[in-house]
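Can you keep this structure in mind? I'll have questions shortly.
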Amino acid sequence: MSISFIIISMIILLGAAAAVSFSNLIHCALSLAVAMVGLAMLYLHLGAEFVGFTQVLVYVGAVSIVVLFAILLTRPAPFSPGVHVPWHGRVTGILVAGLVAGMLVGAVLGTPLTSHVGQRVITVKQIGMELMTTYAAPLEIVGLLLTAALMGAVILAAPENGEKKP
Amino acid sequence: MIQPLHACLILSSLLFCIGLAGVLARHNTILMLIGVELMLNAANVNFIAFWRYGAWAGQSAGVMFAIFSIAVAAAEIAVGLALVILIFRHVRTTSIDRVDGMKG
Amino acid sequence: MISKTWETLLVVKLLWIIPAIPMLAAGVLALTPRGYRRMAASLAIGSMVLAFLFSCLAFYATMIPLPYSEAWRQSYNVPWFDIGHETVRVGWVLDPLSALMLAMVTFVGTCIFVFSTGYMAEDENFTRFFGFLTLFAGAMLGLIISNSLLLLFICWELVGLASYLLIGFWFHKPSAAAAAKKAFMTTRIGDLGLLIGMVWLYSETGTLLFYDGGFGCLETKALIGLVTPAISGGTLAVTGIALLIFCGAIGKSGQFPLHVWLPDAMEGPTPVSALIHAATMVAAGVFLVGRMLPLMGADMILFSGSSPTLYIVAMVGSFTALFAALIAVAQTDIKRILAYSTVSQLGYMMMAIGVGGYPAAIFHLLTHAFFKALLFLGSGSVIHGCHHEQDIRRMGGIAGSMKITFATYAVGMMALSGVPFFFSGFWSKEAILHAALTWTPSMLPFIFGLCGAFLTAFYMTRMMGYVFFGNYRGDSCHAPHESPATMTVPLVILAVFAVLLGFAGTSFWPWCQSYLTAQRVRFGWEEFLHAWPLTGGSIAMVAAGIGLGWKLYISRPVGGADAPDILETMHPKIYNCLKNKFFVDEFYAATWVRWCGAFASVSDWMERFVWGGMMRGAAFFTACLALLNSETDERVVNGSFDGGCKVLKASSGKLSLFQNGKAQRYLCVIGAAFALLLLALEMGVKL
Amino acid sequence: MNELFSEWVRRAVETLSEMLRNPDQAPVVGKAFIVSVFPEFLQGVVGAFISIAALISVFGGLFALLTLMERKGLGRIQNRPGPNRVGPFGILQPVADGLKMLTKEDIVPFRADAFLHFIAPVILVMMSLLTLAVIPYGRNMAPIELDSALLFFFAAGACTELAVFLAGWASRNKYSLLGAMRAIAQMISYELPLLLASFSAVLLVGSLSLVSIVDSQGGFMLGVLPKWNVLTPWGFVGFIIFMIGAFAESNRSPFDLPEAESELIAGHLTEYSGFKYALFFMAEYIGMLAISGLAVTLFLGGWHAPVPFLGWVPSYCWFFAKLLTLACFFIWVRATLPRLRADQLMALAWKCLIPLSFINLGVTVFWHYSAAWSFAMALPARWGIAFLALAVPYTFLARQLGTKKTFARRTYRFAE
């Protein structure tokens, strides 16, 4: 475990924690972007260059932008009464999450695993070959899924006929 | 000294639980989706970690899974946010508490 | 010679193109926006013309080896998919039957398509209409060429689907929607028989291919195999299969007792009626029986020369022929008369197949296709000209204002009635009657057929009298007008063929019949002269029919729109019975539908009282026990138990909070459960 | 000590003479020498810093030069002298501009999100500079040689969208937000044709590495014609699509809707002043230069010389010459074309460029497979087929773009 790993982990965890705890939704989305950049750095650190850049391209370039758009589109009307959030729900949620975290970490630490040392690299060419041979079917399915999701999202979010724009 | 694989797994566990906490404790649907994204990414970290440190040399399954997982996550967030917008149009709020039509 | 055989083979291999063209057009049209009307029409017609050209090529290819070669029937099979160790194969076959049908369907189809562009010009769903039409035509073409009962069945169902869509094309009319449903359901009853027959056939022979180089289910080997266990084991598999398949034909071709959907199908646009009744759907039933003829007649071996299957076919056909002709006499809707006439003519064809006149049946199918398409399109033109009026009592005297329609309609009417020598209907009907006369088991078909011929001539004359003669009885503000050229040109073409086609199968030069049975055609007057007494008799019947009709409806013009029919004044009871179609619909309503309803109410009653009563009894019993229990509790266990109950109630109230419709709470529980599970696992591992 | 020093001097002199003998590799040799001075564990960091310093100084200079060129060029095209007061012919104008920017008051609007307001231009400049890191500027002169360099370029480019959003949102100004939204919509839309156009080059080379893409364009056809991608049918079309995408991506005219002064004041830049504004300005120009650099790399042969007999000119000179030519092209277009309407902008991307770039990908595949053709008229046949495959869809796509859409007459209401 190197210093760079610790720094990257800190970025990821702090970003993620910020993403779920800020009260301002825009700040949450931006923190999510920070966490995603951290994750991309982690992937680079682990040698998965392609995944790292894809992570940035997809999450920072697309997902967080979409989230930001959604936040702006669903801003409650000014002067609307804020939703009263019961504190015990929040505490229960955090407690449960903490419990799961404890169990998971315990499980990880309790499992003997040997780490493969030494460099492992995967080139873009390898990935391309794999995608076109072994993983051709999943690739097609993912393509189909993305198309379907695109159309579904457009149909869902498009204002219905005659409806006033929100 | 902790093993690098263990470190990665712990990181992903913590990330997963932060996401889970977000989903459980926050009442905004968009924030819940953000939490779900974090949980998905925790899974991705595991894929990459096992690819990098696992004992199965010469296999690219981890990376491939991560790539597919990213694609699926993108689809998921698009549809999820479209649903959020749709719900917002109906109930004029993004709070999950108002969306309880499945009450028993 | 070798090269010519090779040519034929290539044509066979590429035969699938013919149905594929309209199917492709249908696919494109399904995606075409509403506005592209011109493109839709030209695409549909273009695809049909193309299919017609290819069909002509196929037709030519079947002529080459005739009549002395072995190659008169070519089939080409391809494996489709595997189930277990079985390979399901489909294929297509080119023989005189399919070639003739292909040419007929594509040609008549083209005429109808052209006519539709005029008839449907104002409809807003023009493109959709042509999409359905091409689908219909494509499915029918596929049905014709298929060399596998499975493929045939698929196309059969596609035809059914397309007819459903087309009959219900004006679905906003409740009657059209109901008619579509009725057609679909009624034919489905027959199709069920076909499906069962198909499965049975497969289990008996292990193949659904018709012709497969000696191994198909219609070839000698399979047929002998089918018949042999029947001889030894006494099973009647072959008769059963044949009759089940005939069920499908009954449904599709509107034979008694499943004829009820056909007249109702007149709710669709008129070109659809023409397509259904002339070229495609109803012909499919006759075609199926014709195609399966070897199987139909296979039980002949068992019954020393007379096949019970064919006997039933003949009887059903002849009865339908007479029955429908009788009903047609008393109808007042122009399209319904034609519909019953179609049912009657299909009965003739079935009868012909049954009595062993298979070539005559197919010849009649062809001629009928032309003149019935002509009549339907003519009636469409009349309806169009009379501003969508279908009641013949509100027409009349439009011969002057719609000259082309009148002339072509008269040709069609004479062809249908069987006016001698110059009209195709005469020759085909003559051939059928001749076959019926020579049939030994029974004279009933012949007698029925002769009566049918008389009635046909009569009701057609009646219709002509009502529609074209006398005075115009419709709305006087809107004078009838002639239809545009897109509608009249197909009429003229069809009329020409309705006349000419007869000469392809006269008794002195029976080219069509010889072609179908792959024999050399002989020219000679012997046959004609030999059958002269029969010919004379049938001509007399036709003359009598036309004469009676003329006397009743033309020489003395019909009074007014609401005046009772002359037959009605003469024999009100019989007329009424005919007018109500022998009460078949009512009979079905009173029997089948009522029984189904009764069964439903019985089930309902059982549900309510028997099962419900049991449940209530059990509940009551439980309640009694509970009362007893509570009494015991009250007396025996005191307040301490009540306290316990209260705690339970409160806790259950708490528990019910979990089911609060809030996703997060559910997720919380899931998360906690997951954590506990992990904990348990870890403990388990450590233990 | 003395020995060490003399050794150092000797090597410095050697390096210098090597640099003079082979000016093509002079920067590489120089960098290697400087790095070798430092102890082992620092060498990586030092190398990186040298590259960064070189990039920032070169592109900073280019930025200054470009602002001057733009103002002078626009001036000449509009028939006026342009800046001509500071220094001879106004060449010191950028310095004056910089001083002005630095000394201006830095205004943060009341209720603005101060941190995000501050961080937005920083991220923007950072990401723009990051994209420069993977471009090969000369033979052996890519600052980082990545296996997936192109992906890196676009990933870093994608982050600029976020920065633009930040700038718009943090200003608490509706014009800023609207401008930012417009900018993002535009950038996302045009990222697709940009990516697809560059993928045609990637497809043929079979690598995402920019270095190998440049290497594949070395050499000459028939002895004179350089093997640049732009001189193939797919490359030509791809280059045009790429350039259109590049104009939109850098928010330059005719796609400068997000900063349309007449509608949105200055878009997401409205609430920025002083040094932050200068940063935005710099990011825009560097982004423009970076994407031009990518265009040069992908389509114009990178640092390869256009004609064989000029091969002796150092490779980076060629690169920068091409880069400046493209930059001048940017300026020329800005002075020439009017701004698009928002719906035209979207229609152009989604209805014309994206389908066309897909077709272009198909043509690239055809080009790849038809390379094996060996009959006599193979080359003209390939050209003909590719030309038809591109020209026919183009005419249709372009025709349906020419909208017959009529808009209701706009009525302007003035305050009464």
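All chains are identified by letter, namely A, B, C and D, in their written order; residue positions are counted from 1 within each chain.
We adopt the following convention: a residue touches a chain if its C-beta (ideal position, glycine included) is under 8 Å from a C-beta of that chain, and two chains touch if they have at least 3 such contacts.
Quantities reported herein were computed from a predicted structural model and do not represent experimental measurements.
Chemist: What is the chain whose Cα centre is as far as it gets from that of chain C?
Modeler: D
Chemist: How many Å are there between the centre of chain C and the centre of chain D, using C-alpha atoms for each centre?
Modeler: 68
Chemist: Please work out the Cα centroid separation of chain A and chain C, and write it as a whole number of Å.
Modeler: Inter-chain centre distance comes to 58 Å.
Chemist: Please work out the Cα centroid separation of chain B and chain C, and write it as a whole number of Å.
Modeler: Distance between chain centres, rounded to whole Å: 56 Å.
Chemist: Between chain A and chain B, tell me the centre distance in angstrom, where each centre is the average of that chain's C-alpha atoms.
Modeler: Roughly 6 Å separates the two chain centres.
Chemist: Of all residues in chain C, which are in touch with two or more distinct other chains?
Modeler: In chain C, 664, 668, 671 touch at least two other chains.
Chemist: Quick one: which residues in chain B touch 2 or more of the other chains?
Modeler: 20, 23-25, 27, 97, in rising order.
Chemist: Considering chain A alone, which of its residues make contact with at least two other chains?
Modeler: 50, 54, 62, 69, 89, 92-93, 96-97, 100, 104
Chemist: Run through the chains and report each pair that touches.
Modeler: Every pair of chains meeting the touch criterion: A-B, A-C, A-D, B-C.
Chemist: Enumerate the contact residues on chain B facing chain A in the complex.
Modeler: It comes out as residues 1-11, 13-28, 30-31, 33-35, 37-38, 41, 44-45, 48-49, 51-55, 57, 60, 63-64, 66-68, 70-79, 81-86, 88-89, 92-95, 97-98.
Chemist: Show me the residue ranges of chain B that touch chain C in the complex, using the header's touch definition.
Modeler: Interface residues on the chain B side: 20, 23-25, 27, 32, 96-97, 99-104.
Chemist: Give the list of chain A residues in touch with chain B in this complex.
Modeler: Residues in contact with chain B: 1, 5, 9, 12-13, 16-17, 19-21, 25, 28-29, 32, 35-36, 39, 42-43, 46-48, 50-51, 54-55, 58-59, 62-63, 66-67, 69-71, 73-74, 76-77, 80, 83, 85, 89-94, 96-98, 100-101, 104-105, 108-109, 113-116, 120, 122, 126-127, 130-131, 134-135, 138, 142, 145-146, 148-150, 152-154, 156-157, 159, 163, 166.
Chemist: Per the contact definition, I'd like the list of chain A residues that touch chain D in the complex.
Modeler: Touch residues, chain A against chain D: 26, 30, 33, 37, 40, 49-50, 53-54, 56-57, 60-62, 64-65, 68-69, 72, 123-125.
Chemist: Which chain C residues qualify as touching chain B in the complex?
Modeler: Residue positions touching the partner: 656, 659-664, 667-668, 671.
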